[in-house]
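One chain, chain A, appears in both complexes that follow, with chain B as partner in the first and chain C in the second.
Showing the complex of A and B:
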């Protein structure tokens, strides 16, 4: 078996060098006694105006964002509202946005200049404290606990780590809301019914557990709007627990939805059918199949696409096969979706 | 330099101009491309979610086709790139999976041993051509053309595959743009998502998300955007009129495929690069093309 050594596991392999902001380099950039400039977005909550306040904090070795906040609360702004409890990456309460990125204040090294804001996509209570209740209500609505459809087989249960592979990743979640703040679809508010990454991870803890009653899983999945996930991986990028949210939680949940609530996966099933028949995706065929004749209502768009030669109605209607059709049929024709 | 070339579905249909431009630019760069004609779709985002077994089979098959040619694989689509990378990673780490995929490929006499090197055109520019050589090949510097680089998602994320602490730190496109003589701008949309992957079912999310990115590029002073991904291009360019309706504002932002921008700097004409095939006219950019020699 060949190794994966030739694959791009580091940014450097692709000529894509980082702007020298790894944690180690950040720690090395400041010496004790130097000044950290901290700008904090402060708000009184409930529609109150946000204003930015600047603080100068003396750097101490290994200083974290939380240490800077604590220093400010003790020395400069005793009314600063922020949340933390364990200080060691477990309780998930101290997440904030630092220079535009979601981080745990207790686990992130300070930068020489930092703008600190509350998480997005949740109402601000005051300063850096957000109201987590929209998330909690959503999770509760999933009834996220196990209920067996079969009788308890006794201890130890016959469960393999392969069966629990995805659920166990989801169980690493500390509910810090970093992913929820980073999600661009959640940012669109009520525009979609997407539950968002954090609630889906909570759902994954039990929905991806093979012991759970699948009828209950179906009911929960039906209210997730999960196919609104754009697969941008912004959630994975900020997850302090390192959960592969897209590939090991959202995608396995989508796979369940395709079986338990197939109407939700209409678009994905249509794509599969088209690739199986033609070898490649014909965009015209996909849109027609997913949106039905309603797609024809966008007449202006269709005409523009025709003029530029971007769509080929003939190819779509005649369902022309490509050289890839036979191998696609061989692979997709046999595997049940 | 010779590559097994996988254009993907988009560059064979909606973005056919990308395929044309890639072949023309490859010739200029001295890259020989062996197009994998029987390669299927990689399954986009849909197949990997609902039918992982078939997803691995299709993608490993593409890697096996390249391996049979004894060539590294070059892609020109972000999503295809991540799909083959993910399939390769699963293949080399899971013996059972590797055996079952190879059993299926054996029916057509194919086999994968895990040796195919995967590269996207953007990385080929950095790794195989190299900055110095590219600089020497620029015969028509696009001096002063302000460009908003739009990376999209699957060429910088997930972090586990690409290794960025913060994907915004990716500067691969700006580096190339500078070599071509362009002025890359800073703007908020660089590594954001275009929303393509929910667009076949409902374009709303793509229109809302991408509107913000084009607007930021325009506000930042960009004359054109450039992207390494035809799926991003489809939303940025193909949906731009609907985006304008949604924003109630004219944008008229040309969007080039990366090989088109490179091609202009290497002296190819807008015609040769099919730049007139975009929904948003790109005359502003074509004005930077080399004059008749």
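Showing the complex of A and C:
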């Protein structure tokens, strides 16, 4: 698999390749009867404080993280609070952090030593159970249901998989919130109004569906803060459903927002225009275009940018082009904003 | 803690296909529903597991013969003739006329190819998938969840219904609930209650029932006085993953693949193939009983066990053929096995129950005033997500027709007080015995060992003795290590255990009563299928502290078996 000639094109595929390299090994690391050491962050009990408890769990063939939790709840800590329903990567309720990485407990093989913590970016109810309601409220506020712009013609309606390509990826979402926990922008709290990857995937299910009324999509997109996404691909990396969250959901949604709600995309469109005009990123021009004269009210920051050589007023004012300008224009001309 | 009271027109217990659709239909009729869900609406329960969706009638170019085959499959292979055939016909017509168009109009994506054709599985009975085969329940139930939210239907989620509350006339007039996350009690007062808790219960060591399934719906209905039917007619999955334990709900789907002529194959411990649906029995679209019979013969020959030692997979298929429209490769890949070259060890898992609460299939009324039923918890048919959905519509119509006569007195205060004390008592359990979760496992062991795939009177009698010892010795001595109210799943386990013991006993008693073998119900002491005496509903009603059994014959207007008596293992269905 590692010798495959084709280059991974998305983080998800990269992740899959990496995982595929090691999955056989991961599943064969321990033999039945050997010990798995599990440390669990327990919180919200009678005392209220978080404490870490350690358990020694006998390995069973192909043991999942959930099997280890079940063993602990049956044998060692009968009051362990953790959530799961299907055990089959369908309900998406058993996600936890294992050794610092978001995993679906029912899906991931155990590691010889594991620290299990609740998901981040959501309030903890008790032990590994998080409060899903902040996520649910965001999703509901998008009203992510199909509103047809045209009358339904009857079953089966004309529709092809090509048209549904991106939406169908989003439809694999089991709302486990691994991505929501892994997202560094959500981690910033109220500093941005970014809705987060999981709610955006939910929105993508209908917003990227060609049957949906684009006016409704615009209203929903306006509440997403989607341009706060830094495209770090953390969400894709942890998604147990293998959804290319950035490349096939967030990027297409951003493109839609740039057309439907251009004011949201001010920064992105300005950057694009600068690159097309100058063949390079010009931070000074970007500050001017995005903040205008308002930039002057943040003189200290401007000075810091100057001192560190981040902006060069001279180059900005002379609007110097590089040789890359023509090819940049050509490339950007091929891709809609 | 104070008990909150909420008043609604109709309380629906269960947030799966049946409960959600009942709620949506009632709301449309101007009747206010409220959903109480032990898990999360659209995420917990069995509906999520719908792999693909069967098409009925003349949909998508079905021929007359395919339409007829689908009906025959449903009645014969799916219910062993223990079904109201007229209900099945109404259901089939509704699926053709309403179900598919309505789902698609609401946005469900039936998988197309790039040219725009709806992808189907070929063969005598055809199916389609929502987005991907093997995962259809996920977008299906996600759509239902969003429809419920959009309609503004109130949900009490992660909230367990612990008892049906009756009024002084004996009619069901509400539900007692516990919010598992906060520990709060809620009394939901309602003019009618719909039981929609689903098909599977986790009552056997290996079970497809999800974490929260502990036969609550049947136990509550029974305590409220409802008649039950065919509780012994337990269905089994024959190729679910043997290891790890949590994957016992994951199936190597045996039915036809979308866009391919092939289906999974099963081989015994010697590597000999013993089942391949598309080759062996093309009419057995959901071939679970046929598979089970094929496996039983392997077990008898020492070439497999019910808990493993045989294998299933797609090593006769091209990888693209399987991956194009299905999720079937995910299991193998996640275990680090070569796909499709490797087979995986599989085992038997208890799955649907054909039986359940006895209902009038024209209104979905139970035998108790105020209590209605929808979906798999009913004893009128085996599972399929379309059938459960149809029940949601029928129960809504039934309640609309009865509505003016419903809504008498509120729940009796002593019933509420009794339940409050019972739950308080369970939370304070401080005996010298095991934790509730250990009692659950004990029950599952008893059922697997003595009321499993093959059973006889001797084993069933011993099961009853052991269940009775659990009741007398273990239940009063259970011990909780934590008496907190917040997310106390140990408390929930203690509540579940009481339901499980009651229903296990009913299943064993019913199994003793049916003196034949039929489909997936194997009695080694009565190995024949007996259509003369036992093509009947095995009805249970409460009689004092005991059970009274009655037999009720089925009408056979469209399909009838072609023999009176025959060894069950030789009957194809």
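Going forward, the second predicted complex is superposed on the first by the 284 of 337 C-alpha atoms of A that agree within 3 Å, B and C clash if a C-alpha of one lies under 4 Å from a C-alpha of the other, contacts with A are read in each partner's own complex, and residues count from 1 in each chain.
Just so it is clear, a contact is a pair of C-beta atoms (placed from the backbone, for glycine too) under 8 Å apart; a residue touches a chain by one contact, two chains touch by 3 or more.
The shown structure was predicted, so the numbers you read here are calculated from the model rather than taken from an experiment.
Shared-chain residue A:28: touches chain C; no touch with chain B.
Using the contact criterion defined above for the overlaid structures, shared-chain residue A:168 touches chain C, although it does not reach chain B.
By the document's definition of touching, neither partner reaches A:215: not chain B, not chain C.
Within the superposed three-chain model, A:140 lies in touch with chain C and out of touch with chain B [touch as defined at top].
Of the two partner chains placed around the shared chain by superposition, chain B is the only one that A:311 touches, whereas chain C remains out of contact.
Using the contact criterion defined above for the overlaid structures, shared-chain residue A:258 touches chain B, although it does not reach chain C.
By the touch criterion defined above, A:267 lies against chain B but remains apart from chain C after alignment on the C-alpha atoms of chain A.
Once the two complexes are overlaid on chain A, the chain A residues touched by chain B in the first and by chain C in the second are 23. Across the complex, chain C is touched by residues 20, 23-28, 44-46, 60-64, 66-67, 70, 73-74, 77-82, 84-93, 106-107, 125-127, 129, 131-132, 140, 143-146, 148, 152, 154-162, 164, 167-168, 171-175, 205-206, 209, 211 of chain A.
Interface of chain C with chain A (complex): residues 39-40, 43-45, 48-49, 59-60, 100-101, 104-107, 109-116, 118, 131-132, 135, 137-139, 142, 146-147, 149-150, 181, 210-212, 243-250, 330, 333-337, 435-438, 441, 480-482, 484, 486-490, 493. Looking at the complex, you find that chain A touches chain B at residues 1-4, 6-19, 21-23, 100-101, 184-185, 188, 191-192, 227-234, 236-237, 244, 246-247, 250-251, 254-255, 258, 265-272, 275, 279-283, 286-287, 290-291, 300-301, 304-305, 308-312, 315, 322-324, 326-328, 330-332, 335, 337.
Only residues 9-10, 12-16, 37-41, 43-54, 57-58, 61, 85-86, 88-89, 92-93, 95, 98, 104, 107-108, 113-115, 117-118, 122-123, 125-127, 131, 153-154, 156-172, 175, 192-193, 195-198, 200-201, 204-206, 208-209, 238, 241-242, 277-279 of chain B touch chain A when the two sit together in their complex.
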